[in-house]
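After this come two complexes, each holding subunit A, first together with subunit B and then together with subunit C.
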Partner chain A sequence: MGTSVTLTIDGEEVSVSQGTTLREACDQVSHSVPTLCWHENLSPANACRACVVELKGSRPLVASCSRIAEDGMEVMTNTERVRNARKVVAELLLSTSDATLAPDLRHLAEESGAQAGRFSGGASWEQPVRVDNELYVRDFSKCILCYRCVEACGTDAQNTFAIAVAGRGFNAHIDAGFGRDLPESDCVYCGNCVAVCPTGALIGKTEWDMRNQDQWDENKISVTETVCSYCGVGCELQLHVMDNKIVKVTSPMDHPITHGMLCVKGRYGYEFVQSEDGLASNS
Partner chain B sequence: MGLTAVFGSGAGTSSYEDFHHTAFILLVGANVAEAHPIIFHHIMKGVHNGAELVVVDPRKTLTAQKAREHLQIAVGSDIALANALAHVIIRDGLYHKDFVNRATEGFEEYAASVKTWTPQRASAITGISAEQIESLAHRYAQAPTAIIGWTLGITEHHNAVDNVLALINLALLCGNVGRPGSGLSPFRGQNNVQGGGDMGALPNRLPGFQDLSDPAVREKFSRAWGVPIAEQPGWDQTRMFEAIEHGRMRGLYVIGENPIQSEANSEYVRHLFESLNALVVQDIFLTATAEMADVVFPARVSFAESEGTYTNSERRVQRVKAARRAPGQAQDDLWIVASLARKMGHNWRLQEAEEVFDEMRLLTTNYRGMTYDRLEKEHGLQWPVPEEGHPGTKVLHERLWAENVSQKAPFNPVEWMPPAEQVSKEYPFLLTTGRRLAFYNTGVQSNVYHHPHNTGEWMEIHPQDAQMLGIEDGEVIAVVSRRGQLEVPVRLSETVMPGTVFMTFHFPDEVMTNLLTIDATDPRSGTAEFKAAAVRLERVAVVTADGDLTSNALSSRIRKEDTDGHSKFGSLPSRVSSS
Partner chain C sequence: MTEIRRLLPETGIMSGPTSVERLTERGFERAMARAMLMTPSDIIAEVSQSGIKGRGGAAFPTGLKWSMVSQAPGAQKYVVMNADESELGTFKDRVLLEQDPLGPLSGLVIAAHAVGARKAFCYIRGEYREVEQVLAAAIETLRRVGLVGPDTVEVEIRRGAGAYIAGEETALFNSIEGMRPEPRVKPPFPTNKGLWGSPTLIQNVETLANVAVLFAHDVEWFKAYGTKDTPGTKLVALSGHIHRPGVYEVPFGTPVADILNAPELGGSVAGTGRLGAVLLGGAAGTFLNAAEVQNTLLDYPSLSKVGASIGSGAMMVFDDTVDLTWVLTKMARFFAEESCGQCVPCRIGTRRILEIAESGNLWSRTQDLRELGQAMRDASICGLGQTAPLALLSALDRPELRHHD
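So, the complex of A and B:
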């Protein structure tokens, strides 16, 4: 701590404190690298390879999200190799997953000039939608196996360990244990996996239903920051309200108490507020 | 209450982030993983950074399952444990002598009081081995930093304040208060318990825990409010209930509480409320209490339909904002109270929440530097915030580490007393109560959303006990205490010890747990002993093949399963929206 290391990024010299990742160092000189699986409140999983950079002296490209900066490193963020790698990452992901609700992936594809259909028509496998409870839905056709949900469920926040990546290769998928439905698993429905999912593969049931019925309208949703009314922890809530109904609850990722994480009551236990709806209330 | 007595303010001394870097976390009577899940995230961050987590709890809770060591203590024996820990720490010379000399008083008396509390004596009472007590004492005392956290397992006892004092004594003994990574943390059970106390919603306190008995304090508020401030403290709930019982109190105005279902010995509470001449209830739902009221004021949902602040368990004051329109004629609590005053002939102005806050902060040093604008921009502020440039206070009582400590923190020797009710031949089981993760209190809020595990209430019983009584998993049995009886399905579970059973009070419309609980109350804190009631368990008559019930079956309102085997959700209660 305290000591700094000096490296160059695209020829520009930069000093950062010891322990800084290459991704952070790149940010400091505004040569930001794209990311998909990286998340500000989670440990780097090194899963997606979108953030790779070229490092002089290193044969393979390195994942900047987790590689720690060292004195004298020469890092290149925009070489042909790097650009090509990002493009292929995007093309491979697009060949297997539905990016409709994945802004980061779509952005990566656009920036890298990916051809969405390049690998289409290859091997495919069943990616079912699992609707097994009223709180959130798992749409595996959108999953890019970024591991964020696994980490939020594990040591990075919730410490419940209800889900993990199961299977190898094409069969790799996020699983709640033996393919079980969520109600039979260890899941406690905190929805912290949903909060960090970058692709909409994990999505609130209310949002899922409303989207399917073409009722979800971002333009009509207002977001108000307030505080949860259950226990005395004081979690900040962002109430997403559409047509005077709460349709989703999140928490800011930079909040000192929640770091974006909530419990099941805070995230889903809001129905009592609007339980008059549909019943005569102005009598 | 205990914290106020020792330190002058009743609040947690450290911040959640202190858990990240502390060396030792001792949780006593706190199932944080279920009752305060996001604080548990902070605790686990500390554990992953190397902190040792020890959980003292009669049940093997989710929290206990994550601990390095779980001490499964007998219900209501916490003081015996704390005193024995102090005994070992003093006996072996492990206490923080410099801190004790400079910053505390009454050490000699305290040391004398724990002299007889040998680990062997405590072991016989707590059920924890003497070796484990010795070892815990050494580890706690030798940790460079340590936080003690507790919740209702400590405070829902007839000797609640003594329980808290016993833990404070330990922290004082080892200098584990007033510095980063060390402290005393009561985790507040309800969103604004801390804020209520902060605002002087205590019979003997004015906002900021300012002492009503201090003439200068009364004079200050008298001048600001233009009315004399009564010298006599008001009544707490226990005294109010006594006054109703003796006919000295005839009217009651209940705001946002459901005491008919949430208070211990609820049959007695119902009897008290029935004897009132006037009962006014202000709530968002027509709760069981509201159903008894002469007048119901429909209120807005505080966190989603009105403006204000809550204060959390780390003294952080945060803004609450309206996100939606309230239904019908539902009104803001502030508007209702002020309008009521106006109807009663007082010329109260109808104010915005921010105006009230600004008046309060000028009278309250802890809050003086807070503005709505700052609260919004800075994710809330932790009091004390004595002036507007002040960043807030993460660690309380750092003054105890100054060269010269002006106001020393006193040790308060406490003696162990068993729970008010002991098991007996007639009532051989101890019922202890608590929360489950997905639900909350009397369920007014939490029984409405569609949680997959919303299967109603059940009672946890150790498999050995069940076998002894011939009770099967899932069987509906009768539970009888000296105050009432009910029926509930059982689940065999090794989370409880033999001889102890566990229930929540989340589903009172189906299983009214507080019919059983005892209203033995600590007069100093006003909290009843929800954690220990003696009960007996009886098998109930079952439906015979031809559909008849045998005669002595209790009226059961246990949730029925539908044909798919899925439990039906209770019908959605409707918001109260017109008066």
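So, the complex of A and C:
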């Protein structure tokens, strides 16, 4: 490392250190590209294709989330082909999935000028919500198959491998093995998949219940930072508190210990804090 | 215009396709003996001089690929024969493997020697069960004569499980490794990081057969047929409205019309006898109208003038009564079923094309289809998604092919 490569992005020359992705390089010159499946703490899945850019000498567009910058590359982030690809990606996703809790997708649709209904009317991913445990809910109508949850469950964080993509083509979907409910699967309820889901397809049961009852109000939620008390690792917790009740627990994605990932105790083991029959009344 | 027989054995050949005698009779024993005495760099130089290009569809210069694998750092290297023939209308590899499996296998052994691989895989389409038995018998023959084994190269057969996408080279690697056949992002290319992350040479069956006949003879012999740009012969698979459907071997540069009409080849258009269109290169290929068929040669420069390529060598012939909307709908269904589902443009795009076709709007929503097709070509991860809209786009560019019923 230490050596740098020089490339041009939209005609602007930029030097970046070796190993930098085109996406990062684009960020450095403030020609940022939109992303959906890319996540700062996960390997690039290359699946959504929202981040494609034009690379001189390459017939297809290239995914900037994973392509490593090389000396002399000429990258264009805003050509007609790039704009068309982004727009069509947004339109296709909007035609299958419910984007109400997907800010990145909605942003992409807006920025690219997507016509929401253009490819709608055919098959969609609309399906019953799967509520099979008390910790989190799977609402696959909102899934965009970004692979983030699979990666977080796999080698990128949890190494549990409880979920994977099953089926193919339009029927490809996230599955906990043979269509099983989560309690019958290998899931350990760390909720790291929930933490990285960009569309609300995976969502905490508490949040899901409150949203259904129209009680979830982002404006009333405050975040308190603390350290998890269950073991000695020292994971930083962000307690999302509404009306003096913890409604969700996360960890900062840039935290050096957790990288945003927690275990079942840290993420979901908070009920005792607000238990009505707590220690005081039992003692 | 006559049929050539170089990749395919003479029709009157007496030896069994997997026999030791066949090795001698076809010159493959000589080919391997000659190659084994050459240095790897001499072998690669000869393959480069021959001008062989990959016959799987991409037409990448074979010698260049070999030298890339040879020079790639890594102690462990692999060679792979891609026999996952699944392109619509393509059955040339099947014919090659049924009639002369020792050819492609000899090419595989030579390739392994050239790039320094001690382990080879033959990845064969799962539906080709009978072909697989022939292939296995041929490997045994090579093992008996000492050309396959622990001291040379070990050859293992892996069977596909019915997915078109597994023929894509990196999806094929994932399949061999026991994973879902989802294509990998390139770069890194297989020449640097293929099977289990090692430099891997992957070639189509027909390409390896070309290597075998090249080393059974020499570069001059090899270049006796074909064009300056593309020496050698090509197997074409004729199907549809054609009097003599089947696999034929013709020199590159042969007029496409001759392939259809010559008495020894296609024997002229069947059905009404009037040509409507030819789908060249399979489902991932291009429609040519009758005039284009008259004016093109089976060579890359000639076909690129009409936006087409040879692809796998599949030629599906349609007479002038065939409703291409029906053909396009069937092809759309094929791609929708065969997309792996990994990337958005292909996963959802193939489904939307199918829906538009089934609802009868193929010719009225051309702008939507063109933009969708362009996005799939530009932004899909692999060749499946990138080529899935090609035939459709080529039909939209040739409105004369449309038939009203």
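Just a few scattered comments:
Criterion: the second predicted complex is superposed on the first by the 273 of 283 C-alpha atoms of A that agree within 3 Å, B and C clash if a C-alpha of one lies under 4 Å from a C-alpha of the other, contacts with A are read in each partner's own complex, and residues count from 1 in each chain.
In this text, a residue touches a chain if its C-beta (ideal position, glycine included) is under 8 Å from a C-beta of that chain, and two chains touch if they have at least 3 such contacts.
Everything numeric here is computed off the predicted structure, so don't read it as measured data.
After superposition onto subunit A, the partners subunit B and subunit C occupy separate space and fit alongside each other.
In the superposed pair of complexes, A:4 makes contact with neither subunit B nor subunit C. In the superposed model, B is the one of subunit B and subunit C that contacts more residues of subunit A.
Within the superposed three-chain model, A:212 lies out of touch with both subunit B and subunit C [touch as defined at top]. In the superposed pair of complexes, A:84 makes contact with subunit C only, with no contact to subunit B. Touch criterion met: A:229 reaches subunit B, while subunit C stays clear of it. Shared-chain residue A:58: touches no atom of subunit B or subunit C. In this overlay, which is a superposition and not a single complex, subunit B and subunit C have their closest Cα atoms 14 Å apart. Subunit A residues in contact with subunit B (one complex) as well as with subunit C (other complex) do not exist. Of all the residues in subunit A, the ones that touch subunit B in their complex are 132-135, 155, 157-159, 182-183, 188-190, 222, 224-237, 239, 241, 244-246, 252, 255-259, 261-266, 268-277, 279, 281-283.
Chain contact summary for the complex, subunit B toward subunit A: residues 16-17, 33, 35-41, 44, 48, 66, 187-194, 284-285, 301-305, 310-314, 316, 318-325, 327-328, 379-380, 437-440, 444-446, 448-453, 572-575, 577-578. Listed in rising order, the residues of subunit A touching subunit C in the complex are 44, 46-50, 52, 60-61, 63, 66-67, 81, 84-85, 87-89, 92-93, 95-96, 118-119, 121-123, 144-145, 164-165, 167-172. Put simply, subunit C touches subunit A in their complex at residues 163, 165, 180, 182, 185, 187, 336-345, 347-352, 355, 368, 371-372, 374-375, 377-381, 386.
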